[in-house]
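Shared between the two complexes below is subunit A, which has subunit B as its partner in the first and subunit C in the second.
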Partner chain A sequence: MSLLSRPARTALVAGTAGLALVAAGCGSSEPSAPAAGGGTSAACAPFEKFGKHDGKKVSVYSSIRDTEADLFQQTWMPFEKCTGMKITYEGAGEFEAQIQVRSDGGNPPDLAFFPQPGLLQRFVAAGRLKPAPAEVKRLAEQNWSPDWAKYGTVDGTFYAAPLGASVKSFVWYSPGMFKEKGWAVPKTWDELMTLTDTIAGTGVKPWCAGIESGEATGWPATDWIEDVLLRELGPEGYDDWVAHKIPFNAPEVVAAVDKVGAILKNERFVNGGYGPVKSIAGTAFQEGGVPITEGRCALHRQASFYANFWPEGTTVAEDGDVFAFYLPGNDPAEKPVLGAGEFVGAFTDRPEVQAVQAYLATGDHANARMKLGTYVSANKGVDIANAQNPIDRLSIEMLHDPDTVFRFDGSDLMPAAVGAGTFWKGMTDWINGKDTTTVLDFIEASWPAS
Partner chain B sequence: MNLDFDFAAEQPKLLQLLYGVVAFCAVVALLLLLLDRAPMRQRARLHAAVLLAPALLLLAIGLIVPAVRTTLLSFMSGDGASWVGLDNYVWMFTRPEAVTVLRTTLIWVALVPLLVTAVGLLYAVLVDGSRFESAAKSLVFLPMAVSFVGAGIIWKFVYAYRPEESEQIGLLNQVVVALGGTPRQWLLEPPLNTLFLIVVMVWIQAGFATVVLSAAIKGIPAEIVEAARLDGASPVQMFFRVTLPSIRPAVLVVLVTQSIGTLKLFDIVRTMTGGQFDTSVIANEMYNQAFRYGETGRGAALAVFLFALVTPIVVYQIRQRREAVR
Partner chain C sequence: MTSVPPAAAAVRPGARQAARRVGKRLSGRAASAVAIVIAVLWTTPTFGLFLSSLRPEDQIKTTGWWSFFSDPQLTLENYREVLFGTSSSSGKMAGFLINSIVITIPSVLFPLAFAAFAAYALAWVPFRGRNGIYIGVFALQVVPLQMALVPLLSFFSEGVSVFGLQLMPAWELEGPARFAQVWFAHTCFALPFGVFLLHNFMSELPGELIEAARVDGAGHGVIFRRVVLPLIAPALATFGIFQFLWVWNDLLVALIFAGGTSESAPMTVRLAQMAGTRGNEWQRLTAGAFVSLVIPLAVFLSMQRYFVRGLLAGGVKG
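And then the complex of A and B:
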């Protein structure tokens, strides 16, 4: 399930967006402020390479809704005006199920933003998607690291360029609380555990978490496991685990899950502000970190988009009310990053559709989108100065760092029956009291045979 | 989302609708006209054939073809590419997560019709003839107006949990705390959580049972009641010897409709727990497998099984009705 799009469903980005609009209106001479006269003026120069497609229509379908969807549509306005085409956008809450229904029913959109490479692969395997045109492939190779490009590639053919991104390897904390108590941001896993112990000694439960998310309940716990597995097994080992070359119940996986369990299933360490361990399963993920603002919890591991879920009036900054640090591994020199994002897949290959595909893969699009509101993309054409807030900036810095090893959220890559099914369910049961081996055996047995 | 409905903006669609209706009328008129011209001798047979054809065609497209296709899919792999024999059915009856689903559904089907009928009957008998009868019946009927999803959300709040030291926002936990207990996470603990979900279904459906059964009770001939009274029947005897046998058909209607409704249940579970914590039922799992996990074969197998479960109940109901007509 798309983790990047999730904030879109409930996001409170309106405030940021409003500010951004003002900023864009004042300072920018970029295409985001379309010049009067449309078609031929200087404002249209950047779009000339996409050609003229007067009166053509392109439909886009994705899981992004509400404010974020509006921002995307605003971003596209100059492009539409200059190329003469009309992009009809539709965001759906049940994208994963509905895209299948629409495709089966012979009514697919032209373009879809796939939040999971695994789902993309399923559509490629069914012969529904068109390979990306050469121009899109070139742009994707130029703008994204090979780590990213490979997730849009199936069996050696490039299908989908990435779009947005989110960084998951973050631990949220209160800089004020840390300063007051004299705690330092940990650089290794051992330091993190020592800090956890220290905090627990002060009578505050150090960690808080929430994994309730309707039918997707359990996903934040799977992110925890993936983040630690990525550190324990290394990027290659992680890839093997995702591809099921290492069984789900292998000893090294058991060890990694128990490492997470040392925090998440320890009554001394969780669940700050909410109660016993089991309350994790019943707490909505949107509310998981809120006790930090009340001083009843110190640490909350969640992706960059959690910036949208803090109570109104919370400043997200290095010297603000809350901020995030990188979830450390055993070796401070290695910094693998777990994240997610969307990929633009095409069901048709008309010229105007390919033009939109190419435009979405450019740095211009990512920059125009960023100027309107909070947005993160691993696109190298992104100007970091356009970041709307400190956490976006930190995320982009991490994604752009050439030393960063990026890995995609594993549950989005696995077969949906596991990645969106038994893995979530298993981790929920695990929090709810089942032991590690039972749960991992259960998930292993559910892996589709073919 | 824009909830305003602008008629001007929808004009093309409305026009299309108008064209459609006009065209339909024209076609029907033409058909009737042509039929009327047919020779007298074959007219009856021709009439039957032509007028039944659309219904049969729609039945075939909407019911028979999908049923056959679903059955075929249930013997195929997840992507519908190869035949796997009975694998999907083996999965359904052997994998623990699937068996849990079947067991939970069984609990639902066993409890909901009984509870709904019992609550409805008790309520109908208790308020029968009292001064507040119509007000009391309206009250219990009100939840029928709430959609399953709406009811699910309402009850999710009733069961909401907050830690002991904070203020409770859930009614049930507030009551527990007021009585000196500690708050619990009601929806997280199987098998009790299924019972808490069943309460929601009973809350919605009890009104239906009350209204149907109350009407049936009113229909009991006064002579029978009077005769029983004169014979000195106690209230308990009255109920079991007179009332219940007299309204047996109505009770069966309630039981049957509730059984079918419960087998198909989806909304409450999906809204309140998403099928987590061992609360998933067949319809919910069918949707998950077929549409969320892309395991069409397993989804189809569950659908076929659900169909097989509903069929005997429907057959029974039709038989009952035939007997009643006789």
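And then the complex of A and C:
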């Protein structure tokens, strides 16, 4: 039923917006506009500060597509209507390669949502991106913590405001199973390991994982390593490791990887519901946590967006079928959070482009987007009451917590040869049986010389 | 499999004998058995894909298609979602299907026409440097099209300028007008192979035929239209089918030159988006694959006769 009504509803929204657009168009060309536009001007009041850009077009390119892209476009509709501009949106899975080709070919979009700060930096270094206008900079400083703003800044110049976010430091579990067995959510790493051991004692393999993801196979394992490294080295140490000031095969990195190995490479602990350790490499990341719903696995470390992958009919809530807890560190007082997100970079600096850039950096945009469906943003202007589900709420609470130290997914910051290449491949080999030092030496050797 | 169609009339007698010999050898009992085994082996994955496309989402995601036989459950839900599922950013599949057709038909006809003209000139119009040009065109086949993407894109978006002197303006096309870019790109990329294939075929035609026509007072235009074109029909069909399948299945060229909006993007672009940002809707892909397969399959089956004939004629050319 709901499936049938969804297209109809979208059509209705689109139709209404179209009508309103026509009305606005007629209104502006005729002298009696104020009277006719009386109703819309109240709705348009929040958008007045972005100015009028009648008939102007702004193109947006990103890797967000399908349903999520639709929600963004719905969010922008009132903005487009009130400012008179048209935003052409395009989403492609080949974003990283295509944006390079388009920019080289002299045909870049006006705005692009970069999911990797590393890629953003490369475009800045090539002189392709325009620095963010003062208004965007002000909004970003007001709405995001310095941890976030830092990733949109290159060599002291602010280029890109953050947009959405996802929290990666989560362990998914079944609240029902925990309650039934009397297990408690662990607060420290030691408690986590004790719990793991307890669960293994009941005959269930405690952890399940899957790192297969087409050409990106291995990335879920790199997230694991990054999460633990962030806890072991501390935020500053983590930054040094990402910037290659600490070599990939340094003893402290080896220790952190082995700490993950104590779980992921232990036949007693993995791979719940799938089989031996090696089955991790062949299991699609989309399905990695599914055995939890079947009671064949208890714990699965994956980002907040994993909420979309549970089989239909699974309730994601504190008292539902599945939920997530924060992957604990050694010291419960420290809460470093690993995450990811998009940054809005501009290839052009026309006034209408800057208006869109400013709008995207506001809390209003994030709130409007959140009201439509699942969405997380580290924007401080976000009202938690708008969160569509418990996991979004938990993520936003974590991101807003002033004690939270946020760090971006390291493989998105490293040179692509490592971050989207040997790191993934190395971790896949590691799961498949290679030892830690061999793998880390291999990754270290692949780091670009310059 | 057992009946090899007779080679084109223009093929030399030696070649015809060879074709007959091959035909006889391929129609033996053992050869048929091997052919059947190969056919079954090669069809199994496609069959599995087809079965998958009819299974409910949670089944696709948890078990392999072969478990259908122990627990048969079929649904048309995937097809419904692929064909009629609306998304405000991309619209229905049907719109993309039309875009695909709008892109494909001119992208097949343009190179077909240009290649035929060029091949005729290179084969039967004597002029200086003919062989040089032919070798040049032939050599262009080696250049991977990926190398040409960026220059071609800047040709469209910035025009051509030498030392600051603007020789050609930018095209500056928007919306549906961007189809022209895709046609242009596909035509460019198809021409070297097209010229090569058709030239080979045309130069095989007996010289007496052309001379006789010329004695009767026919010019190049008439000879091309009345004598050459009817004789090379199988080759035209072969090239047409190749080009059709290539353009229909193309994602790269379309993504770059047509963009990803519903105004001008073909079906392959929509298929690539359909799985969702993180691939969480990948159950739609099996059904999508079959929807996109229908038209090429129809084209191939209806023109298969020419295809085999054209291939054979090219294959046994000595």
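One rule holds in what follows: the second predicted complex is superposed on the first by the 410 of 450 C-alpha atoms of A that agree within 3 Å, B and C clash if a C-alpha of one lies under 4 Å from a C-alpha of the other, contacts with A are read in each partner's own complex, and residues count from 1 in each chain.
The rule we apply is simple: contacts are C-beta pairs under 8 Å (C-beta built on N, C-alpha and C of every residue); 3 or more make two chains touch, one makes a residue touch a chain.
Only a predicted model underlies this, so the values are computations on that prediction, with no experimental measurement involved.
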Room on subunit A for both subunit B and subunit C (clash or fit): clash
Which of subunit B and subunit C A:F305 touches, first, second, both or neither: second
Touched partner set for A:T217, first subunit B, second subunit C, both or neither: first
Scan A:V101 for contacts with subunit B and subunit C and give back first, second, both or neither. both
Based on the superposed arrangement, let me know which partner A:W172 touches: subunit B (first), subunit C (second), both, or neither? neither
If we overlay the two complexes on their shared chain A, which of subunit B and subunit C does A:T428 touch? Say first, second, both or neither. first
Is A:Y151 in contact with subunit B, with subunit C, with both, or with neither (first, second, both, neither)? neither
Regarding the shared-chain residue A:Y274, is it in contact with subunit B (first), subunit C (second), both, or neither? first
Overlap of the subunit B and subunit C footprints on subunit A, residue-wise? 101, 213-214
Which residues of subunit A touch subunit B once you look at their complex with the stated criterion? 96-97, 100-101, 122, 125-126, 213-218, 273-275, 278-279, 281-282, 415-417, 420-422, 425, 428-429, 432, 442, 445-446, 448, 450
Could you please specify the touching residues of subunit A with respect to subunit C in the complex? 6-7, 10-11, 13-14, 63-70, 73-74, 88-94, 98, 101-102, 104-107, 213-214, 286-287, 290, 305, 308-309, 311-312
Which of the residues in subunit B end up touching subunit A in this complex? 77-79, 95-97, 161, 163-164, 185, 187-188, 270, 273-277, 287-289, 291-295
Applying the document's contact rule, which stretches of subunit C touch subunit A when the two form their complex? 57-58, 61-62, 84-90, 149-154, 156-158, 255-256, 259-261, 269, 272-282
